[in-house]
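You will see two complexes here that share chain A, one where it goes with chain B and one where it goes with chain C.
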Partner chain A sequence: MAEKNAASAASTLLKHINTPAAQTWNYLHINDISLEVPTPTTKGEVLARLPRLFDAVETGIGEEAASWIVSATGDSRYVEVKAGVRREEPIVVDIDAATGDIRDTGVLVREGAEATIVVAVHGKASEAGTSASLLRIVAERDALVHLVEIVALGSGQHLEGVGIEAADNATIDVRQYALGGDKVAMGICCSLTGRSARLTQETRYLVRGSEQLDVNHLVRQRGRDTRSELVTSGILADAAKKTMRETIDLIHGAKGATGNEIETVLVTGDDIVNKTLPTILCDEDDVAGNHGASIGSISADQLGYLADRGISTKEAEALFARAIFDDAAIHAPEALSRAAALKRAEEVLGGDIALDVAEGLGLSTDIEEQA
Partner chain B sequence: MPDTLLSIQGLSAGTEDKPILHNIDLAISAGETHVLMGPNGAGKSTLGHVIMGDPSYQVSSGTITFDGTDITDFAADKRSLAGIFLSYQAPVEVPGVPLYSFLRTICQMRPELKTTARKFRQRVSEICEHLEMDDSFLTRELNVGFSGGEKKKIEMLQLLLLQPKLAILDETDSGLDVDALSIVSHGIEAYRQECNGALLIITHNTRILERLDVDRTHVMVRGNLVGEGDASLIDEIDSTGFGRFEQALAEKGGVSE
Partner chain C sequence: MSETPDKKRSEVADVDRSLYDFVMPEEGYERYADGLTPDIVRAISAKKDEPEWMLEMRLKALDAFHEMRMADNWGPDVSALDMDHISTYVSPKTKQARNWDEVPEDIKTTFERLGIPEAERESLAGVGAQYDSEIVYHNMREEVAEQGVIYSTIEDALHDPKWEPIVHQYFGTLIPMRDHKFAALHYAVWSGGSFVYVPEGVSLSYPLQSYFRLNASGAGQFEHTLIVVEPGADLHFIEGCSAPKYYEANLHAGAVELFVKDHARLRYSTIENWSKNMFNLNTKRATVGADAKMEWVSGSFGSHVSYLYPTTILAGARSRCEFTGITFAGATQDLDTGCKVVLNAPDTTASVDTKSISKDGGVNTFRSSVVVGRKADRARATVSCSSLMLDDISRSDTIPAMDVRNATASVGHEATIGRISDDTVLYLMSRGCSEAEARTMVVNGFANPVSKELPLEYAVEMNNLIKLEMEGAIG
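For the complex of A and B:
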């Protein structure tokens, strides 16, 4: 696996990142995002490529961005989990923004196998630095895949693309945490191709200052009796900008399929920009798709309950922010991703609270060393 | 009375368009256990929420004094920090906040409970064991996806952690099976023993009182406190119901809706 970013100082404008499956009015400026990224150079190296199998895996960030990552990375990494094997050690994709890491990873989880995959993005980028990860997963029949993404940049921009193909009875659970970065684009596409394939996806974010988060969630439900549950919740503070596209595509033939998506946004800043595009596409009669969104402040009932325990409205907002980091640290399955969350907690909440989170959860408190 | 912890005098309160509580007088001394009984819709829970400072209710007259301070105009969070705890009949779900984060936050806000995360975790584990709660509950979202009994245990966990001077238990026993009721009763008993805290127990079910020495029993009918006595009043109500109190209130002509 080459760790070196083979990009030059010249830049390229990627224009159609995170394009949703169904587009809407252009004047809403929600159909995609553009990012200026370093222009890749090959320098005559012979690059390792993933097996052709992965070429067919659709990713949420779009073809243009995916091609750029493949071109810009020095190498690709392929991992295969053999049939029936429960792999204990997580497959870790380590992205250090400080060195502008760009990774292309393919994971094949064979029939009946189980694997945990972790993407940990951490560090502070140098000026206008770009890091990126493209992860494509093929889950064969009866496979079980746990994916945890922790995007916790101190600064810089990051492109995070994921594509998943799930065969019959494959079960995919995804936890995404967007905890920081000047400009972060995350796109995930999960194709539930096989019969009774399942996806549960939980996304949590905290966007603050002048940070920008752009997300594209796409589920293609092709197989009969497939299920998808997408739950997204986050906090927007200060002058943060967030765009969320969430599409469940119930394709012809997916009889008995159901898909649910819901987003809850807590707004604590006066200058935030929040855009959400929830979409259910349906080309089959016998299916059910639901979406919902709630945007605003903490509910009166919740505030009342918290007040009865001594927590004021302002403190409740701080609790919700801390809770995102606690949740990330709790669900990070290995040291690097956990340290990335804790390091970011230190930057956002302060050293005392980060230490408190770590100690309380019985984790190592040497955040620097781990990150 | 120098040792009076909670003193309510001439309290009338209600929602914007409906008066609920009428001229309530109630005094609870430190360490005492009081029971508040009454038929459904009598206003018992409302009294608990008004003492706690629920902004849904407005106090139209009277005062609430706690630990020597007039708290009638205090917000709920200030009352909580002063040492009042209200256990909910139906605890509110707070998605996105792990139980651990919540517990840690509410303890760290109280100077007397501040401690290192490690010691805090140890203390929480001890209480969880006492309440027969799985430690894994701590990483789950606050009150989300828990059964009714588990939610009540989480309320007890908070009670034992916060060690308030006064705990108002609003039908904490409702919806509990025999085992859960026993565990919750143990929790209340532990609170009494460890903290010598005062209790105002709002209940229909006298089983939760079996392990407690009740000092005073109050009866509320249609927003009025109409009867008061020692623990023997509980047995009387158990066998004869609230009929005589309702009749007495009607005869008195003091019924206010």
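For the complex of A and C:
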């Protein structure tokens, strides 16, 4: 696997990233995001590419961005987990922003197998640096897939594309943490193709300063009795911008399918921009789709309660932020992703609190050592 | 209650399909050539003897219409709409009347069948009736006129030196002509509609109603409604519309501009039952002053394709908006409806509650946007949309967008899509209802939050429309 980034200094504009399945008024500027990325160079190299079956896997970031990642990366990486095998060692996609890593990964989890996949994005990019990851997963019948994505950039721009195809009774468990990055686009599409396939997805984010987070969640429910549960919560601070698109697509034939999505946004900054597009598409009658969203700040009553106990507004907001890092560190299944979360906690919350988070988990207090 | 074949037939027979779907001959009518040219626009303007500024506006709008493009990434397909085969002006040979006896017999019969004169006698403060491109009847109760309320056509207001400056001041300011392609079309060829002015502090006990009937085949209706409710005033305005069904496409591209001043209240109710060959590309917008309230009640049952999103701009502090809507999409219908709310001042509140029902292959799309601006401290908004699927060949999508730019605002949204549960049907059947009756009861209950907001006679009309649409399910 070639690890180097095959992109050049020239740039290309990707016009339609994270485009949702159903769009709305263009003047709202919520239908997609554009990003300028390094133009891939052609070097005449023969590079390893994924098996063709991955071409059919739809990703959340869209074809334009996915094609760019494939052409900008070196060798693609293919991992297969054999039928019935419970793979103990996580499959790790390591993205270091400092070296502008761009990765294309395909994972085939065979029938009845179990695998944990980790995408850890960390480091500080060089000026105008771009990193990217494209991860496509095929989960066969009865497979169990745990996916943990931790995007914890100190700076720079990152594209994170995920596509999952789930067959009969396959269970997909996703945890996404967006903890930092100047401009981050995360798009995930999960196709619950098989009967009784399941997706549970929890996304947490902290967007602060002038950071921009753009998310596209798409669940295609094709199979009968499929289930999806998408829970998103996060904090918008300072002058941060966040766009969240969530789509549950209940496709004709998916009888008995249910899809639920819920988003809670805590707003603490005076100059934030929060855009939310929660969509349910329904082409079948014997289904149930639900969505709930709540956007607001900590109420005066809650702040009053906390103030009575000696906790100021700033401290209360910091507690909410810390909770996100705690959660990320707890659920990071291996050292690299855990270190990425703790390192970012150190940058955002300060060294003392980051050490406290580490100690709370019974980890070494040397964050660098975690890696 | 046991069901017999006879009873089943009688339920269906209760619905008079001919209520809306009848055609009157067009003999002797003035009909402009199909298509859209500067000459046609000038002819419409000349016929109305308009001020120069209005003709200039029309011609600019025509240029805008030809320049502008439809968005290609969302909304139902309107490619079947060919403006080269639409006449933008069709007028019966009659003058506007203030007495139904002065209205030509065929037109009078049309409105009598629609129940308009009866409703006027019983429960309305005034009525305007538009037939194709022109208002054929306009009247208002004396006691309402004595309060200083103006209810006339826009054309009449433009010819009155007292009201022409008011029309000039407001017309086209809330919905800019370049808002979208069909707004531009509207301003190029608008004809008919209503001008309502409610003076400061005046409260109307009864609603005003305008009814729009498009009888002509292959034609468009482009009425403009302009309502100014001065500070502290209160008005309920009802809008109804229908058309017979043709195979040729018909077009409705009206515009509604509502100015609700400080401390005023306006309720705008619509029961729309266009025929299923109609492209209903209508634009409605309200601006609301401090401590004022805008209420929308919207029932959409007809048309082949609809793009309909009444917009409310909460411009004044503590202003409020309530939107209650129901959309029923049956066979051949693709209805893209919803609303937009802009909260742009402190302590503003918006509440949106919508229902949609899809059956027989009908497509419903609920689309909304709630935008909370930076000035909207402590603004609150809730959006609730529920969709009912009555079969597996229909479709229902909900696409609500929220854009929040104020940290002290609170926005909530909930949406549900599902079908009538078997348990509910079984429960009702165990108490003597047939399955069809049970389903109709559930649908009526689902629609109840909207129908209860309407005056009784319109609630009955809406329930009849639901019953009509449910006929297939009943049978």
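One rule holds for everything that comes next: the second predicted complex is superposed on the first by the 353 of 371 C-alpha atoms of A that agree within 3 Å, B and C clash if a C-alpha of one lies under 4 Å from a C-alpha of the other, contacts with A are read in each partner's own complex, and residues count from 1 in each chain.
Heads up, the rule we're going with is that a residue touches a chain if its C-beta (ideal position, glycine included) is under 8 Å from a C-beta of that chain, and two chains touch if they have at least 3 such contacts.
A quick note: this is a predicted structure, and the numbers were derived from the prediction, not measured.
Of the two partner chains, neither chain B nor chain C is touched by A:85.
Touch criterion met: A:274 reaches chain C, while chain B stays clear of it. When the two structures are aligned on the shared chain, A:264 is found in touch with chain B, with no touch to chain C. In the superposed model, A:327 makes contact with chain B only, not with chain C. Once the two structures are overlaid, the count of chain A residues touched is higher for C than for its counterpart among chain B and chain C.
Within the superposed three-chain model, A:335 lies out of touch with both chain B and chain C [touch as defined at top]. Considering their complex, residues 22-26, 28, 30-31, 250, 252, 255, 265, 267-297 of chain A touch chain C. For chain B in complex with chain A, the residues that touch the partner chain are 52-56, 75-77, 80-81, 85-86, 88, 91-98, 100-102, 104-106, 108-110, 116-118, 120-121, 139, 158, 162. Across the interface of their complex, chain A is touched by residues 71, 73-74, 367, 369, 371, 374, 387, 389-392, 394-405, 407-419 of chain C.
Contacts from chain A toward chain B in the complex involve residues 204, 233, 264, 301-302, 304-312, 315, 319-320, 322-324, 326-327, 330, 355-362.
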